[in-house]
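Look for subunit A in each of the two complexes below; its partner is subunit B in the first and subunit C in the second.
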Partner chain A sequence: MEPQYQNLYDILANSQGYIFPNEIDLQWGILIVVYPFITGLVAGAFILASLERVFKVKILKPTYQIALLTALSFLLVATMPLISHLSQPQRAYEIMITPHSSSAMAIFGFVYLWYLAVVLLLEIWFDYRHSMVVWSNEKKGVMKWVYKILTLGVSDISPQALKWDRKLGYIITVVGIPSAFILHGYVGFIFGSIKANPWWSTPLMPIIFLFSAMVSGISLVLLVYMIISYFRKKTIDLNVLDAIGKYLFFVLILDFTLEALDQIHRIYVAEESFEIIKLLVSGKLYLTLFISQGLVGTLIPLITLAFLQFYKHKIKVRKTMYFIVGILVLIGVYSMRWNVVIGGQLFSKSFSGFTSFKLGLIGLDGTLMAAFWLILPIGILTFLLWLLPPWKMVDEEE
Partner chain B sequence: MSQSASTMGNEKIGSSRRKFLKSAVTLAGATIGYTWLKSSQILIFAAEPKDETLPWYGIAIDIEKCIGCGSCAKACKNENDVPKEPFFFRNWVEQYTVKNDGTVDIVSPNGGIDGFVQRVPDEDIFKSFFLPKMCNHCAKSPCEQVCPVGATFLSPEGVVLVDEKYCIGCRYCVQACPYGCRFIHPVKKVANKCTLCYHRLKKNLAPACMEVCPTGARMYGNLRDKQGPLVKFLKEHTTQVLRPNLNTGAKLYYNALSSEAR
Partner chain C sequence: MKRYIPPQIPRLALAFAIVISLFLVLRHLLIPDTFGKYGPYRAASMDDYSTIEIHYAGQQACFECHQDIEDLKALDVHSGIHCETCHGPGQKHSTSAEAADILKPTGREFCGNCHMMNAARQKDAVLQVDLTKHNIGKNCTECHNPHQPWEMKK
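Up next is the complex of A and B:
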């Protein structure tokens, strides 16, 4: 027996009931769990940023640039788990050169590039141009040139030019909102459109992905804002936390309702796949679905956030509660991605049995690799915050 | 603008220009609409045979004739260089045993290559049958639809194939196949599946699994040839495809398919 197959023999020995012989090898591992998690964070963070810009929620101003830079940091990494899970990563470019028009996956490259180049980079550029021009004049040595290059040579900071920056930035944000919706709704569609898999195949999938994306992105920005304030030794503005918390609360309610609707519908119509899915959620997914996603990631945060709408006393307690809620929600959304991606592959398409998933530590598809793709954006964000510190931006009178 | 046109006595020209613009827009709209409609038709019926001179292949399996010897699965592995480990099959046989209590026992040890042993005691058996599986060569195949680069395609003869030099190994097709007929080749690292022995068909030879079947339970043929043996078989038997609800346009027709089969 060749050692490369040992893992598969172990899984075969642990399979339950009947699964098609080709199903023993699970196709999508932890990297495909990480991928929708990361894109969700991007879309969610961007939508929070646009709240401030388009809907003029002034209270969120301190989080505006943080949210944009967070979105960019994660977006830069978003494709990496996808590419590194391919069996032929060197051919990944084919998806851009010869996309197959009927494939949901083929469009990802274009949606991604649109979002990265047209929406995020441009918006951040317009937003920072004034400051970058000023910084390039103030700094000495290499940094002077770095900022000069970043302005792309557009150094006009006349009131007229700055007015245009604001105007164009606004237009891009308006375009960006549907783009963010498309980016993540589309990721949901990749799963939702697979009719062979009853756990995935639901038209609600893009909407569920979108709302869970918003939930996770908002939580991440909340956490990043708190952590940045801590390192900068600045007081956290509780009004900002309350405002983010309120949005988080409402979006979480919507998210919970949609997911509950999906499950209730499944239970009520009880189609051919119902028995196997019932076994799946009460067995292999029990911990990650009911405990991690449902209780820890949804119900506890919901109750806490509801409580925080009324409880206005001890400031320190409230801050701690917001911080914990942020973490719990992220755990919940990560579990949701796990339940969709891994859960959908654990049961056989014969609806008669289960395979099992053995998560490795090392290797291209292991835990360490997944952790790397999750930590890297945090490193990028730290760098971007150093390069483009929102708190040092030139104040503009609007 | 219309005012200035009328004061200049150009009303007629203005209105004819409007007319022209109107018809131009209508024409453009209709063209775009038609193109869209046409392309979506192509999308839905991508598999509609184009070349009338070529055969349009279909398969029939007579469950009543299958004895579960597993020769087909074995021959397939040998012919197509499929790894011998029991995780990769282009072709396999399942044994269904419906018990008296209504439960169904399904097994396919090593794809049936080593034969079967009935593990349910005789007195508990309501009925039992063998179900050979292979690619259904769907006319509206979900695997072909989802391939992001078009490495999976439908040949003009209606055979679903994979371009091994082109597949990026995203595994989306494996997820999309409702029949579990695809796998990632552990050595080639690309999607792999039944080709209906396309290399043999081109030489007018039968697919390996059909060549070796001792009872003649499997047949392939040209669905376009209304006098041919396959169409004759379909006419004379009550056949069914697997998962008809998924509308995959499966071209693998089973005779005497029991309702328990999935």
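Up next is the complex of A and C:
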């Protein structure tokens, strides 16, 4: 047999039942799993930061700048999994210069830019401006100029100017909350609007994505706060952990309820696609959906957080529990992205067969590439924390 | 008294103005000249395509010389399949009329491209033959005329 047919027959051996020819190979691999995961971390971290700013949750103050810088580090990388997934990455800019209004992805580019430039960068700038002016006067050599450039040459730190910093920063945060909702709701919208795929096509999708984003972002900030305190050899403020834990608990309940609602609705209406989806979740998605997302990522953290609401002894145990909960929730949300992206492509749209997904290690669409895009933001965050350390900021308010 | 304007605002406005103008200039330079003339694509790409050498002649060009095959094909199940599906691109042959310029496939595996057992293909649309059992060692064309598959050769 000719090699190309041999190849086709080898692949067909991995499929079950009847599938359409273009369903043999998964078009969206692990990088498309990483993309909504990273975007979700951004939106979630920002929403936690805005709790402090807009809703005046004073106890979260030590995490405010950490959350903003975390959001920025991950946002800078958010589009990279998409771009490296393209066959022609050098043409990626075309989506920005000639966007088509019927393309959800093209408009996402502008939602992203709005969020990056108008919300995050501005908010961080207003927040750090006073400190950057002071640092540019204190430092010597290159760093003096770096901070000078970062202030854009505005060196006015009169009480009047600082008052405006706070005022404008507040306005940006207020604008930022709906922007964060739009940013991540949009990612859900891209999946939810694919009407040919019954696993994706639900108007609940943007809301589910949004709440899981908040869950993951809050967990990430919790972890980053604990890790930073460890490296700075500072005691972790348990009140901060308790406050974050409380919000995480409430948002996790909402997230769990919404996802359960989606599934219950699916089971109750039992449309023609239901049989294949039942086979999908009880077969190929069993481990990642029930064990990884449901048990490890949702139920265990929920029970632990509920327990931590009234268990107030042994500080060390509680800190460890918060840390483990943070990691478990991140695993759970990552699994949720996996179940949506990969799960939606595993069953045939003829509803009579399955294909299989083989995750590669190397290559543009492989595990190493995905790991790289997940590790890079941590590097950027380390750099940002060195450049703009929240703990060395000039305290202005009191 | 002069009204206080916070110095951040004009400076940020300037920064945004620079970035946006830079974007607009880049956009102007990067968009091809004929983009958007007919739709959201580069109109000149059609001229580019028109210069590509033509390989396929289309079956009407075949029938100008091969009237007999047209009549033969019309009577049987392969009537809907165009000549170049099996014979390959025929533009060169249609002008040169050389036998060397056109394919004449005969092997079992060539017919098998469409007719071998394949679970992903609908059985009632294309007849499937198990090549590992059906008249092993013989070429399909020894019994079947590919232009009229059900008129068996004697």
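As a working rule, the second predicted complex is superposed on the first by the 386 of 398 C-alpha atoms of A that agree within 3 Å, B and C clash if a C-alpha of one lies under 4 Å from a C-alpha of the other, contacts with A are read in each partner's own complex, and residues count from 1 in each chain.
Everything that follows uses one rule, which is that a contact is a pair of C-beta atoms (placed from the backbone, for glycine too) under 8 Å apart; a residue touches a chain by one contact, two chains touch by 3 or more.
What you see is a predicted model, and the numbers here were worked out from it, not measured in a lab.
Participant: Under the superposition described at the top, does placing subunit B and subunit C together on subunit A give a clash or a fit?
Facilitator: clash
Participant: Taking the superposition on A as described, I'd like to know which of subunit B and subunit C A:Leu152 touches: first, second, both or neither.
Facilitator: Touch partner of A:Leu152: subunit C, not subunit B.
Participant: Taking the superposition as given, does A:Glu275 touch the first partner, subunit B, the second, subunit C, both, or neither?
Facilitator: A:Glu275 sits against neither subunit B nor subunit C.
Participant: For A:Gln160, select first, second, both or neither according to whether it touches subunit B, subunit C, the two together, or no partner.
Facilitator: After superposing on A, A:Gln160 lies in contact with subunit C but is clear of subunit B.
Participant: Please indicate which partner A:Leu168 is in contact with in the superposed arrangement: first for subunit B, second for subunit C, both, or neither.
Facilitator: second
Participant: Applying the touch criterion given at the start, work out whether A:Leu12 contacts subunit B, subunit C, both or neither, answering first, second, both or neither.
Facilitator: both
Participant: If we overlay the two complexes on their shared chain A, which of subunit B and subunit C does A:Glu138 touch? Say first, second, both or neither.
Facilitator: After superposition on chain A, A:Glu138 lies in contact with neither partner.
Participant: Given the touch rule stated above, what does A:Thr98 touch, subunit B (first), subunit C (second), both, or neither?
Facilitator: both
Participant: First (subunit B), second (subunit C), both or neither: which does A:Asn22 touch?
Facilitator: Touch status of A:Asn22: first partner only.
Participant: When the two structures are laid over each other on chain A, which of subunit B and subunit C touches more residues of subunit A?
Facilitator: Counted on subunit A, the partner with more touching residues turns out to be B.
Participant: Counting only touches as set out at the top, which of subunit B and subunit C does A:Phe126 meet: first, second, both, neither?
Facilitator: second
Participant: Which residues form the common part of the subunit A surface touched by subunit B and by subunit C?
Facilitator: 2, 5, 12, 18, 20-21, 94, 98, 100
Participant: What residues on subunit A touch subunit B, complex-wise?
Facilitator: Contacts found on subunit A: 2, 4-5, 8, 12, 17-18, 20-25, 27-28, 85-89, 91-92, 94-95, 98-106, 108, 190, 193-197, 345, 348-353.
Participant: Quick one: which bits of subunit B touch subunit A in the complex? Just the residue numbers, please.
Facilitator: 43, 46, 85-89, 92, 94, 104-108, 111, 133, 142, 145-150, 166-172, 174-184, 186, 189-190, 246, 262
Participant: Which stretch or stretches of subunit A touch subunit C in the complex?
Facilitator: Subunit A reaches subunit C through residues 1-2, 5, 12, 15, 18-21, 93-94, 97-98, 100, 117, 122, 125-126, 129, 152-154, 156, 160-161, 164-165, 168.
Participant: Which residues of subunit C touch subunit A once you look at their complex with the stated criterion?
Facilitator: 4, 6-9, 11-12, 15-16, 19, 26-27, 30-31, 35-36, 40, 109, 113, 118-120
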